[in-house]
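Listed next: structures, encoded as C-alpha cells.
Here chain A shows up in two complexes: once beside chain B, once beside chain C.
For the complex of A and B:
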C-alpha cells in the first residue's frame, strides 16, 4: 500500500527516511560488491527491478471491484533474498512515484520501510521457517507471499496510525481505523497475491530451471529449491 | 505511464537545464512541508498547475490524470482523520472540529506535494536526473543501474500488457481461477524472458569490451541563471504569501 505524497507530517516523513536509510545503504554496499565481482549482475538486477515494476502494471482480479495490482514483494524476497530487495524496492518505488504518481518522494522512506524492508524480511523468514519444518513448497510460498503482503499492509497502517493518533482512543484506535479502511481491499488482495505467487513459482520451477540457476550466487533462495 | 513519460520528453521546457526545474520543484516541496498547509498548499498547487499547463504546455488532462491515483487514496483516508473513534464505553464515533482541521490540512499538504511530484514527472524525463544524482554522490554503478532499469521498464511493461491482451483474446480472464492461472503464466513468462534478455544484453556488451560502465554523451545544456533566479524568486514569493495569509487568518 503506497502512502500518498505529502500525506505524512514532515517529522514522520523524515524519521521513516532515517529508519529506512541504513537498510538501503547496507543493501547498496552488498550489491556494489557483487557487481564488482561479476559485472554482469548489473543487468540481472536491472531485469529484476524492471520485472517488479511490470508486475505492478498487472491488474489483479479483484473481489471488491477496486482497482488493485500485485506487489511482488514476497516473490522478490524469495527470488533474490531480502538484503537485495531493499535497493531494488527503493528503486522501483521511486520509479512508481515518478512514472505513475503512486507513492511519493517525501513518503519514500516510509514506503521503502514497509514494502522493501518489512515485507520482504517477513516473507523470506516465513519461507525459510516453513521449509525448515518441511512444509510443502507450494504451502510455504503461499504463506510467505500472503503474510508478507499482510505485514506490509499492517506496517503502512501502523505508520499512518503513528502519524495521526485518534484524539479519543490514541494510536491503537487510529491503527484499527486505518486497518478497517484499507482492510476490505488489502485482505483479499493478500490471498490473491499468495495464490498468484504459487502459480508463478510452479511455472518457474517447471520451465525456468536454467534462469533460476543464474541466480545461484544468492544464498538460500528459490534457486536452492531448483537445484535440489 | 506512457503518457506521463511522453509529456516529460516533449513538453516546452524539455530542453532547459534540469536544475532549473528540479530546484524550484524541490523548493516548493519543502515549502509545502514546513509552512502552514492550508494557505501555502493551494498556492503551491495553483502555481504548479499554471507552470505546467501555461508554461511547459502540458495538457491539463495529463496533469489531472497524474493527480487521480493519489486522490483516490486521499478520498479513502482523509475522512477517517476527521472521525474520532472512542471505545472506552462501547463503540462511539464522532466528528470534531479539530479532526476536520487536521483532515483538511493533511489533504492540502498532500495535494500540493502531489503537484510537485506531477511537475517533476511531467517536465523532466528520468534520464535528466542522472548527472544530478551523480553530483550529489550516488555511486556511478547505481546511477547506471537506474538508467538500465528505466530502459527495461518500458520493454517489460509493453511485453506484459501485450501478453495480457493476447490472453484476454483467448478468454484467459473469463473466470476467477482462469485469471489467476493466466496472470501466473504471464508473470512467469515475463520473468523468464526478462532474465534471458539480460543475459543476451550481457553477452552483447561483453563482446563490446564492457567493463562495468556504459559511457554515454550527455547533452550540453547551459544553465540559465536569470531563469533559475526568477523561478526561485517565485518560490520565495509563494512561501512569503502563504506565511502571511496564515498569520492573517488564525
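For the complex of A and C:
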C-alpha cells in the first residue's frame, strides 16, 4: 500500500495530505490526553506501536508469487480506539519514506490515510459490531484485524484509481486493476495479520487484565476472570 | 489456552511457508513487492505519467535490508519487552499470593 514518491499527481498528493492531516492532529491530542489520564497505559501503547512497526517492516511472501506486508494497525485501533493510530502509523510511514526509500513524502498523506486512518477505523468498527452481536473475542479480533488490513489495500487501490482512471473503463476499471494487483497477494497476509493479532490479544487477556479493563476493552466480568 | 496460542503461531508459519512453496511454482515468480507492481500498473494505464518528485534518499539495497531488519527488530524488541514484563509481573503476583496462603 505504499504509493511510491511522486506517484500521485500534485493535486491528489495535496488533497490526501489535507485529508489526513486533521486525523493526525486529533490523534496527537488523544494520545496526549490518554497519557495524562492513564499514564499506566503508556507501556501497552508502546507495545501496540511496536506491533505495527514490526509487522509493516516484514515483507511476506504470498501464494501469488509476490510479496507484500501486513499493517499491524488493527491491534492498537481495537485497544485504544481508531483515532490513536493515525500518529503511530504516520511515524512508521515517515521512517520508511525518509530512511528506506519506501513510500514517499509527497504520498505520505495518501499512505497515512489508507494505513493509519481507514484500516484502523474499519478494524475498530468491525470489532465493535462483531462484539455487539456476541461473536467470541478471538473471532471478532481475527475478523477485524484481517479486514482492516484488506481495507487499507482497497483504499490504496482507490487512491491510485482516482489519480489514474483507465482511458477505456474509467475509475472503476482502474480500481479493479489495482485491486487485482494488491488483493490476491494481500489475502493470505491479512489472514496472518489476523492470527498474530489474536495471539497478542490472547496474551493480553491472560496477563494484562487491568490495562484492558481501564481501556474498557473487555466487559468487566471477562477482565476479572482473566486476572484471576 | 497454551496449546491454542502455539497453534495459531504454527498456523501463521504454515501459511508463510506454504505461500513460498505455492507461489514459487508460479511462472516468473520472483516475489516482487506488490507496491512495485502497482506502480508498474500506473505505467501501463497512463504510459505518459512521470513521477514529478524523486526519492530524497534511497539506501543502497544491502543497507536497505539492514534498515528493514532494524525496523522489525525495534518493533519486536519493544513488544517482547512488554510481554516479558507483564508475564514476569503476573508470575511474581502469583508467587506472592501462594506465599500468603
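General remarks:
Please note the rule applied: the second predicted complex is superposed on the first by the 173 of 228 C-alpha atoms of A that agree within 3 Å, B and C clash if a C-alpha of one lies under 4 Å from a C-alpha of the other, contacts with A are read in each partner's own complex, and residues count from 1 in each chain.
As a convention for this text, a contact is a pair of C-beta atoms (placed from the backbone, for glycine too) under 8 Å apart; a residue touches a chain by one contact, two chains touch by 3 or more.
Just so it is clear, the model here is predicted, and its values are computed rather than measured.
In the superposition on chain A, A:156 makes contact with chain C only, while chain B stays out of contact range. With both structures placed on the common chain, the touch criterion links A:91 to chain B but leaves chain C unconnected. By the touch criterion defined above, A:164 lies against chain B and chain C together after alignment on the C-alpha atoms of chain A.
When both complexes are overlaid on chain A, the residue A:137 reaches neither chain B nor chain C. Once chain A of one complex is fitted onto chain A of the other, the partner contacts of A:42 are limited to chain B, with no touch recorded for chain C.
Once the two complexes are laid over each other on the shared chain, residue contacts for A:21 go to neither chain B nor chain C. In the superposition on chain A, contact of A:176 is made with chain B only, not with chain C.
In the superposition on chain A, no contact is made by A:187 with either chain B or chain C.
Shared contact residues of chain A, touching chain B in one structure and chain C in the other: 2-7, 10, 43-44, 46-47, 49-51, 53-55, 57-58, 60-61, 95, 98-102, 104-106, 160, 164, 166-167, 174, 177-178, 181-182, 192, 195-196, 198-200, 202-204, 207-208. The part of chain B that touches chain A in the complex is made up of residues 1, 4-5, 29, 32-34, 66-70, 73-74, 76-77, 80-81, 83-88, 94, 96, 98-99, 102, 106, 109-114, 116-118, 120-121, 126, 139, 141-142, 144-146, 148-150, 152-153, 155-157, 159-161, 164, 173, 176, 179-181, 183-192, 194-199, 201-202, 205-206, 210-212.
Those residues of chain A that touch chain B in the complex are listed here as 2-7, 10, 13, 28, 31-32, 35-36, 39-40, 42-51, 53-55, 57-58, 60-61, 70, 75, 87, 91, 95, 97-102, 104-106, 160, 164, 166-169, 173-174, 176-178, 181-182, 192, 195-196, 198-200, 202-204, 207-208, 211, 214. Remark: chain C residues 1, 4-5, 8-9, 11-12, 15-16, 18-20, 22-24, 26, 28-39, 41-42, 45-46, 49, 51-59, 64, 67-69, 71-72, 74-79, 82-83, 85-87, 89-90 touch chain A in the complex.
The touching residues of chain A, when paired with chain C in their complex, are 1-7, 9-10, 43-44, 46-47, 49-68, 72, 92, 95-96, 98-102, 104-106, 156-157, 160, 164-167, 174, 177-178, 181-182, 185-186, 188, 191-192, 195-196, 198-200, 202-204, 206-208.
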